[in-house]
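Structures are listed in the sections that come next.
Here come two complexes built around chain A, the first alongside chain B, the second alongside chain C.
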Partner chain A sequence: MAVAAFAAAVLFAGCAQDAPQDTFQPKGPNARTIDDVQRPLFYVAGIVGLIVFAVIGYSIIRFKDRGQDMPEQTHGKTWLEVTLTVIPAVILAGVAIPTVAAVFDLDDKSNECVINVTGQQWWWEYDYSGTCGGVEITQPIVTSGELVIPADTPVLLRITSRDVIHSYWIPALNGKRDAVPGRLQTLRMEADEPGIYTGQCTEFCGLSHARMRQAAVALSTADFQTWVTNQLAAYVAPEAGTLAATGEGTFVNQCSRCHQVNGLVAADGTPVLAEPDLYVVAGAAPNLTNLMTRTAIAGWTFDLLTDACREQLWNASPEEFGSLYLQGVWMNSGPDATKPVCFAEATLRDWLRDPAAMKPNYASPDQVASTGGLTRGMPNLNLTEDQIDQLIAFLLERK
Partner chain B sequence: MTTLELRSGDPSDSLVTPSAALGIFRRPLATTGWKSWVFTVDHKKLGIMYGAVAMFFFLLGGCEALLIRLQLAAPDNTVLSAGLYNEMFTMHATTMVFLFVMPMAAAFANYFLPLQVGARDVAFPRMNALGFWLFLFGGIFLNSSWVLGGAPDGGWFMYSPNSSALFSPSHGVDFWVLGLQITGIASLIGAINLIVTVINMRAPGMTLMRLPVFAWMQLVVQFLLLFAIPVITVALFLLSFQRNFGAAFFDVEQGADPLLWQHLFWIFGHPEVYILILPSFGIISEVIPTFARKPLFGYKFVVFSGAAIGFVGWGVWAHHMFASGLGPVSVAVFSVSTMLIAIPTGVKICNWTLTLWGGKLWFTTAMNFAIGTIVLFTIGGLSGVTHAAAPADTQQTDTYHIVAHFHYVIVGGAVMGLFAGFYYWWPKMFGKTLSERLGTWNFWLMFIGVNLTFGPMHILGMQGQPRRMVVWPDKLTGDGFFNLGFWNRVASVGSFTIATGVLLFVINVFRTARKTEKAPLDPWDARTLEWLTTSPPKEHNFDSIPTVHALDEFFHRKYEEVDAEGGSRLVKVKTAEEVQAELNAHPDEHMHLPSPSYWPILLAFSLPIITYGVIFNLMLSVFGAVILLLAAFGWVLEPSVAGHDEYDPPADSGDSTKELASVG
Partner chain C sequence: MFTTGSKMFLGATTLSVVAAVVFAASQGGAVGLMSTVGLVTAVIIFAFLAGINFFTRDGNTPSMQQGVEQTSSAAQAPVGRSMWPLGAAVGIGGLIVGAVSKPVVFKVSVVVLLAAIVEWMVQGWSERASADHRYNANVRSRMLNALEFPILATIGAGAVVYAFSRVLLTANPDAGRWIFVVIGALVVTGGFLLAGGRTTPKGTVAAICTISAVALMGVGVASAISGQRTIHPHPVIDDPSQKALCLEGGEGEVDEHASQDVSLKSSVVANIYLQEDGDLVALINGYSGIEYHELTVPRSARLGVIFHNDSGEAQRLTGRFGTFPDQPEAVSCTTAVHPGKSAYLGFEIPKTNAASSTPLEFIVPGVDGATIQIVVP
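The block that comes next holds the complex of A and B.
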């Protein structure tokens, strides 16, 4: 059964539409290095298993008690023992050599782009600076959830954590690397083609471990340039008198203690700077400057895109992927639309109403008693429905 | 029954005992009723108690597993909350490892090691009793966390810093740390006890290379425990002091490196894997030769490969940390050493298979479980090789592929092996044979259930479903053959199939207990010394300690080569009854058996009081420490055996098994 499952897993891989995190479908050179080690291992294991089961099966049928004489009381044959020790040793030596080679290959740190990746309960932060795949990043970009990288470019992630141990994993592009507080560890990522590659935090990190996800988004160099330019674009305040303008005030009052929106200024003209270290155990909260360029929120768990639009994006060809992705929730909406058709508004609304109901956390007053008031996760701000309308209008313009 | 002194005719020949022991320092004398169990130091009674309590925890851990599988049967399911789910998988693993497989293996070791080496008890009987009570109280203490503010929720590996008071504010982790300290003491003293027993108390002629393989594997396990338990003890102390007394061993802000915990945990944790599996390797190495009617193929290779596993097992711990960021040199070294350990393991599988080859196979339930163990363990071993290769492991680690792997090893290997032991040794332990008909159903339900539950997990893992997640989202399931939703449901159905099999076993036990039919003396035509006595064995095990001439001594007393046409034939020349009568014709003089004692249970009882005190109020710890001290004094001051005059004189009838009643 399990052997059949093994064999089937190997043989059928690639036929139907497999789960997006299928580890047998590498989409980049690092994952391919792993696959080149992993796939033969499954074949070898499968064959050895079949041989062992054949011998056991034959013995069971052939040597069943049918009233035959007592068997010879043999204690073994040394030559056979030695042979059966040497054969696995040879097979394993054959496996060990490519394994060791792959270990060192994967440790190659040469790159054309370095991105800092920081885990905390229960989301990932990405921090860009310098040059990435030839694209100049003139000011730091801080984003979360989706790791946007140029396709066909070796990218080196420098991974750490602000609280407990997490693990960064995009199966289509590479294996896992733990994010360990106090350590800076590297992992190389490279995607052959534009597309979205999903992942999940894989080191158990507490209450909402299951809802700490991530994705890597690979874009063509031109699209990546567009993405960078957009991320660095100056803040555009909402038009006075609109719902979004009211929302800006609500945001400053309710959200900006923790969440940064770059370029936001208060009524008195002073820059609004988030101070999450005063409110959150990890000392960080997602930067929301370009929230609507991302396709999911809250540890990349809840889609900002409607199911249909998400499917459309995930299944897009490498050629059309970039242009769809860069529209974010405004996908399919046309240039003059006032309301984005792909926006899963109910998700964001529910989240603002009561985050802990969607993603368990430690943010209620009784839960933060032991941490001196610092939260892990977003507290329920008891927003009114009007305030939620305002905030959504404001956030929709963070694109 | 207590001190037994069999004398042959000479009434002046008596034991030297303190004549005026103070009342409370007398040894307890009860031979029946609850006192005969609570104060016993008899390795067989303790073995049965170990087994009964371990079985209870098996059912508890199994229920936890069923709840986990119910939760995962559907996407975004809500059977368990995230917090409860985390507690559930932490306790499922902790219970199964520390409170079921380890003590169940200890149950078999306790009961059968002395019998197999031809001894009358273990070397340190009171310590043996202490070990059992510590295990029981430690297990109760750990599980009391469910009702005292929440069970531990950091996973059985309890990685730092997620296990610190900041990130796991309930007392759950404290219960885990202190509970495992208590059961750790039990394992450690049990290990010392059994090592000394095997090394020093073997019957005449029982050289190490005539030791049954079960005894060999248990010996290796005890050495692994002896060196592994101190490592986890240290780690637990560090964590305990960090959580309760402000130490900072794993506090990153103060310069600590959380990987310290991982190294300590896995230096213990990997030998632990062999601690779990080797006893079952030993059991099936007894069962397979018995039912194949031929000796274990390559006895020496099996013994030495077991010892080799015991050694190499210390050099592979970092394969649990391939994603931790150890650097390529360490990763390469541990990758290769992990592959190395597949060689001795492969040797064992080959030898069991070759023992079947050419045999005269009798498919009892015990044999079915033993063959099932080989098959399922082989699958687990081979999937293990797929993640010995570190690059592949960085894809597989922390996914369901790993869950599939170690459940094939532990459920398919260790647990199925233990069940082989139940069916094989039940008539020896209780004098009644478990129903083979129920046993057949028990076996097939478990065998199919294991494949149905853990087989699909290979697919789930390779399709990218990570472990320890309370929910899996529908959008990441894919379509077609590998649809994660479908295989998750299959796994859930499988888990209930296993549960049904286990339920049948429990029913079988109760039905057998009510049965009056006695088991034959040698129901399986067995090969080793434990069958050279009554079923159940007398308190003193053997009337006369046998002198051993060969491996499989008991078999060779029954069978002889006789000349026949076309060469010699192996023929049964004596029945088990005849062999036993022959041995008992000259019972030993001076059988010294240890007397029961009040102190092990009291000493063991003081430890949970101390640990509750660490969590709730240190004054309680002081109170516990006083009890501990009193118990230790009582232990030291009690007479070494019950006074001779406290017993009726032994019966002088030919029936040397007659129990001796105490005088008032």
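The block that comes next holds the complex of A and C.
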């Protein structure tokens, strides 16, 4: 009895209610195409499995050794062998037809948006250009972690890697695709409705593989237009004399060698250009131009939103979702707020204080000897609390 | 008369003498002299060891005992004739020749020597395993076949593959394709028929296999002798301005050995076509039909494009990948590509366009307007 109860408990624990990465809950046409194949197959295979187990169980019990006579021993039974070959062959052929059809379906070429997706230890970078869902993207947009796409629009991802093999996977929207260095592979995606669809790197890629997550955020076309316009808005320097203005200087000194903030200019008026190729093994660090428009950082692992606001955003109806998302950490803050209510400041503080403490990496001086000083992940910059205050003030304006 | 051990050393002595003579006759200069000195030294040492072994009857008996050269076990006729002492001698001689000539001779000799020693040991042991010769032969096979079969099979298969590869290198590429298809089909059908006909005698199968293998090797040897086909020579573009970007001095080609038949069809940033009208366009996988004149590629990622020359004359694609502080302009080119052929061009751009003092673009030098902008965000 107790065993049965335990087994049942284990079994039902598998049926999580709130499971955003459930492959059996497709939220877009590509994922549905796959689901339409896998679901019937799963049921049929399940029934076949049950029958097999039942027959085995029956045989075990029925033909248990009770001292009865040895049954007659025979060799070969052609009709049985033929049957047992033909039935699986027919089943496999039956499986092959919808599978191959689905493969071709998934290759539908009507994309309306092309996005480059580049993996590295241990986060994803996206860059956009051209037009996307009818929205003109006049300058390249570079973001990380969160893939923002127009809902109800076929999107073509062009996936590659800067270091080791990773794998891009948003279960609700499509299957996975490996990101292989030196190769660029495509994956199509489309979300039915605005919302947030999570996923994670599914190819073991080193120390912080478990903290290499990602999400696709689908917005209505109008909201996507707003997002694009905001991403492309010219850089607004912090007001002179504010903490953020000091933070800008600190950022240029401490962070700009790795992180790009588009539009940032040095004291002499020349653009400040990041050179992560000189400091990071992968040759890239997240672009922070619009950091505050993301809801999580560092491989989309640590929330920039407080728990309550995160709940609110994730549970929002498709109609409300877009406007909440576009407000981001400024959600619920009211028009005149100086500090955003939803901002999980501690997350960002902790990150700046010591990234490796939150997310294991290879960035301390003794760990980078073998790579000629290049890091995997962000090093601890030994910032003072004052510098962190300034940087937070500066970064809060990158929205 | 001769004991087993002394036979080996006598063999090694003889081989060293031969090697010393060959070296002295054929190699001049300091190397020849040193080698000959080394080999003569080896002759002396082996002769000495052979003498000692002979005198002590391989150390199996007290040498002063009367009549021992007839009675000691080492003096008894072996059960069968053993070729392994000879093998070991060849190995040792080879080691020495290899040490002064080519490393490959040395390596092969090590293998020969090891094989001979193992075979010799096991044979020696098995011959005294029992009084029953048949049983002894049987234990020998049981131990050694596990070693011999895979190695001989590898050598056999290797010889067949090598011979076949010579054939393919000699035949012209189109014929090669068909030779491959036909031989493959023959092997499969033959195997199928033999497996199906349960009564085919073992001898027939062995004969067919042997004849085929020997025939193949014969043709392979003939092909090797007649030499490889000439690999299609590259076109040469005479206009020096065309080469200026990639080739210092305008001589030669970027990659003399490029096959111009690209097998990698997928997973590139774009397929770039130089069209008949001189327009250069990029097509990306998964989005056919759209001709791009601008490509966005991620920074710091090793990627590539395939260049297809659909124009009427040989052309090369040139990638200008930016001039970054303190560095010369990064340029790379495909080799000159025949009309209708293609070539791969790999690249990695570490910084954004904004950091470059020259434009980032793909061009075909000498073809006006054949340009695709590269955007690195």
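FYI, the second predicted complex is superposed on the first by the 378 of 399 C-alpha atoms of A that agree within 3 Å, B and C clash if a C-alpha of one lies under 4 Å from a C-alpha of the other, contacts with A are read in each partner's own complex, and residues count from 1 in each chain.
Everything that follows uses one rule, which is that contacts are C-beta pairs under 8 Å (C-beta built on N, C-alpha and C of every residue); 3 or more make two chains touch, one makes a residue touch a chain.
If you're wondering where the values come from, they're calculated on a predicted model, not measured in any experiment.
In the superposed pair of complexes, A:L84 makes contact with chain B only, with no contact to chain C.
Once chain A of one complex is fitted onto chain A of the other, the partner contacts of A:P181 extend to both chain B and chain C. Legend: residue contacts after superposition of the two complexes on their common chain; A:G206 is shown touching chain B, with no touch to chain C. Using the contact criterion defined above for the overlaid structures, shared-chain residue A:V103 touches chain B, although it does not reach chain C. In the superposed three-chain model, the partner touching more residues of chain A is B, compared with the other of chain B and chain C.
In the superposed model, A:F53 makes contact with chain B only, not with chain C.
When both complexes are overlaid on chain A, the residue A:T226 reaches neither chain B nor chain C. Contacts of A:I34 after superposition on the shared chain: chain B is touched, whereas chain C is not. In the superposition on chain A, the residues of chain A touched by chain B in one structure and by chain C in the other are 107, 180-183, 185. The touching residues of chain C, counted against chain A in their complex, run 266-269, 284-289, 294, 296-304, 346, 350-352, 354-355, 375, 377.
For chain B in complex with chain A, the residues that touch the partner chain are 81-83, 86, 153-155, 159, 161-162, 165-169, 252, 255-259, 292-301, 323-325, 327-328, 331-332, 335-336, 339-340, 342-343, 346-347, 349-351, 353-354, 356-363, 371, 374-375, 378-379, 382-383, 385-386, 388-399, 404, 408, 451-452, 454-456, 458-459, 461-473, 475-484, 551, 559, 569-571. Within the complex, the chain A residues that touch chain B are 1-3, 5-6, 8-9, 12, 15-24, 31, 33-34, 37-38, 41-42, 44-46, 48-49, 52-53, 55-56, 59-60, 63-65, 68-76, 80-81, 84-85, 88-89, 92, 95-96, 99-100, 102-104, 106-107, 121, 163-165, 167, 169, 171, 174-178, 180-183, 185, 198, 200-211, 281, 301, 303, 307, 310, 360, 362, 370-371, 376. Residues of chain A that touch chain C in their complex: 107, 109, 111, 114, 116, 118, 125, 127, 129-130, 140-142, 156, 158, 160-162, 180-186, 188, 260, 271, 273, 275-277, 282-284.
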